[in-house]
Amino acid sequence: MANSAYEYVRNFEQNDSLLPATWLVVRIDGQGFTKFTAKHGFTKPNDIRALRLMNRCAKEVMECMTEIVISYGQSDEYSFVFSKDAKAYDRRASKLNTLLVSRFTSAYVFYWSEFFPDTKLQFPPAFDSRVVQYPSDRIMRDYLCWRQVDCHINNMYNTCFWTLVKGGMSNKDAMNRLEVRCQKGSCPRFWPGDIAICATTAAGPFVPSN
Amino acid sequence: MANSAYEYVRNFEQNDSLLPATWLVVRIDGQGFTKFTAKHGFTKPNDIRALRLMNRCAKEVMECMTEIVISYGQSDEYSFVFSKDAKAYDRRASKLNTLLVSRFTSAYVFYWSEFFPDTKLQFPPAFDSRVVQYPSDRIMRDYLCWRQVDCHINNMYNTCFWTLVKGGMSNKDAMNRLEVRCQKGSCPRFWPGDIAICATTAAGPFVPSN
Amino acid sequence: MANSAYEYVRNFEQNDSLLPATWLVVRIDGQGFTKFTAKHGFTKPNDIRALRLMNRCAKEVMECMTEIVISYGQSDEYSFVFSKDAKAYDRRASKLNTLLVSRFTSAYVFYWSEFFPDTKLQFPPAFDSRVVQYPSDRIMRDYLCWRQVDCHINNMYNTCFWTLVKGGMSNKDAMNRLEVRCQKGSCPRFWPGDIAICATTAAGPFVPSN
Amino acid sequence: MANSAYEYVRNFEQNDSLLPATWLVVRIDGQGFTKFTAKHGFTKPNDIRALRLMNRCAKEVMECMTEIVISYGQSDEYSFVFSKDAKAYDRRASKLNTLLVSRFTSAYVFYWSEFFPDTKLQFPPAFDSRVVQYPSDRIMRDYLCWRQVDCHINNMYNTCFWTLVKGGMSNKDAMNRLEVRCQKGSCPRFWPGDIAICATTAAGPFVPSN
């Protein structure tokens, strides 16, 4: 890097190192994927090609960043958990965050044609990313539970919704059929009873795979 | 997003909003591009295809993020300047940073074959990214001067170096030929005199284009 | 500081340096001063002894921290403006913030008896403090305008309120008399017209002094 | 607070909330206490009046901030440990930090004459303060070990040093007598053997009290 009278501008870069001995989670999330999936004819509720592509990208990331101990994804999001003693990039938040999301996105475009051999990618997609610190194993586990519960609820809702729509119901009627009343401080979008019934009418349970 | 007993983990996400009324610069930078350029047979010192691809990606980014007022790139890096009153994503550092680098990387892979029609992309490249705040117009200008000076010094050095190497000199001898003594507190890698001479022996001045 | 196997805990201290070339304002504010002023029989609406004590403390702070260029106070708060190029404590937020508020508080108790010779200090008061960065001279000026407008509005309200109360009105009636209807997005506690009238009935304009 | 066209300057205040479910330590430290103790004739190596005053101030702080679970001090420093689930001031770093150091300093001046009845306080002292987050119980314990080891090493050194000085040795000679060679990566200022011997020649072990 050149030495010059202008180099003082580097002093405006601020240190953003994360705490030591703390679980770090980087979660990436597709930007504008409602439009993206429509444009590329994704199967509803789950497009197995898209899920396999996401898994392939996560594999790429994990091969590059070896301090990731587990990763978990659903739909257009993926979480990467760095071990508590990860040292990569001195735990600088922006380095970890941007390199990871950049590698993931790069792999998404790079491997697209392998998983969508008959669908041309029409424009470059993007993901955002955030990094979060979790102090204890218990809270780290709860984070994964949070994403898993979210995944299951969304999956069940979407499975039912698209089953109804494919059965001839309008989008709006399907939404009303699945609507539930909200209770104070707890507003589930779904009831356990409905779930069981709808899941039965669906084409079978969803089995993620790679 | 699902409502559950685990949702408290969201409280660990910290606010990283940047100052209002301040210039924001996002600078992306290729990771491991020495290896990447070697693997893909980039022309030295400057590969015009690669520079045009970088410019294409910057264009893509600027079309998506309309509060960028100017961008400037060299080699495998690019700086994007957001106007002082930019409001995108509430000026959250990680949102701006990750969406920008993700879009840039995505475009890099997406448009690769357009600029390198005869070279297959062999693996997904990645960029890192940082966001910096500059309080005044003067310092903002100095930032751009800093990158410009860096670009010119690197370009002149590289032009001379590769001219010598192509003329039959070994890498090591070329490096020694261009080496200069360091002075206290100021260690230029190059002398103005050398530059002029070497530039003359080169195949002509470099003209960036798009 | 001792060298030991436990010294790694220092790595958890995070860097909180503020931006260079930016105005820094430290504003201190009395905690629970409604109770404190009642306990110590402060004259209403303004206790000239208390204001002089605040000014004395600000002087003490400015003698210790020589990069402060201006300071401005009202009631139980005081703002200290550090010059844009202030270098004290490497511009670390917590150092500047805590040393300043500590010195101010220390002076408050130390000089109390000089300004309140007949009133014994009954318990140790406390102030909180924050540090804010302002990128331009214009915004820096607006900060001071903000505090000044706040000071005048509060002073006028308080002057009127206590004039009414001293004239025999109950606290509640005085508050109702001065109450105004709130308008959407703008809820002044006072009208210009009321101000003029009440100020006239007061014992004269307030002149801060030291 | 007044409503005005200038109120936008509040948007420059940045959120500094600390992580939930993490131990918080606020450590205060006397500024320029070498000069302060000399000016006020503190007994060396330990002035029991000063230590009792520090303890009195810590008590005051703990009565005001009820989420502190333990505090530990030595010399002119004191650490306060907030429970992992402390909620005070929404865990805002600057609020916790400044209110605590302000209260401590206030108490130091307020109670001075109670512990130093024969010594007039000559100028207002100040303390700085920092807040640090510790993710696990183990590291939290190590923090306290770190301060305790530091306390003991300093105390032993000071006890020996002042014993030698009071026995007629010059400051410089005493320092040389206690000097030890540094080893790579580990530079203790003291040897266990020396400690035992010196402690015997001292006026007896130091017993902190309140």
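In this document, chain identifiers A, B, C and D correspond to the written order of the chains, with residue numbering beginning at 1 in each.
Basically, a contact is a pair of C-beta atoms (placed from the backbone, for glycine too) under 8 Å apart; a residue touches a chain by one contact, two chains touch by 3 or more.
As the structure is a computational prediction, the values presented were derived from the model and not from experiment.
Enquirer: Turning chain C onto chain D with a C-alpha fit: angle in degrees, nearest 5?
Expert: 180
Enquirer: Per the definition at the top, count C-beta pairs in contact and tell me whether B-C or A-B has more.
Expert: Greater number of contacting C-beta pairs: A-B.
Enquirer: Once you find the CA centre of chain A and the CA centre of chain B, what distance in Å lies between them?
Expert: That gives a centre separation of 28 Å.
Enquirer: Whole-Å distance, chain B centre to chain C centre, using C-alpha means?
Expert: 46
Enquirer: Residues of chain D touching 2+ other chains?
Expert: Within chain D, residues 8, 12, 14, 19, 21, 133, 139 contact more than one other chain.
Enquirer: Pick one for the touching-chains graph, please: line, ring, star, complete, other.
Expert: Per interface graph, the chains form a complete graph.
Enquirer: Report the residues of chain D in contact with chain C in the complex, numbered from low to high.
Expert: For chain D paired with chain C, touching residues are 1-4, 6-10, 12-14, 28, 31, 60, 64, 93-95, 97-99, 101-111, 121, 123-134, 139, 142-143, 145-146, 149-150, 153-154, 186-189.
Enquirer: Under the touch definition given earlier, write down the residues of chain A that touch chain D in their complex.
Expert: Residue positions touching the partner: 19, 21-22, 133, 135-136, 139.
Enquirer: Using the touch definition up top, name the residues of chain A that touch chain C in the complex.
Expert: 8, 11-12, 14-15, 17, 19-21
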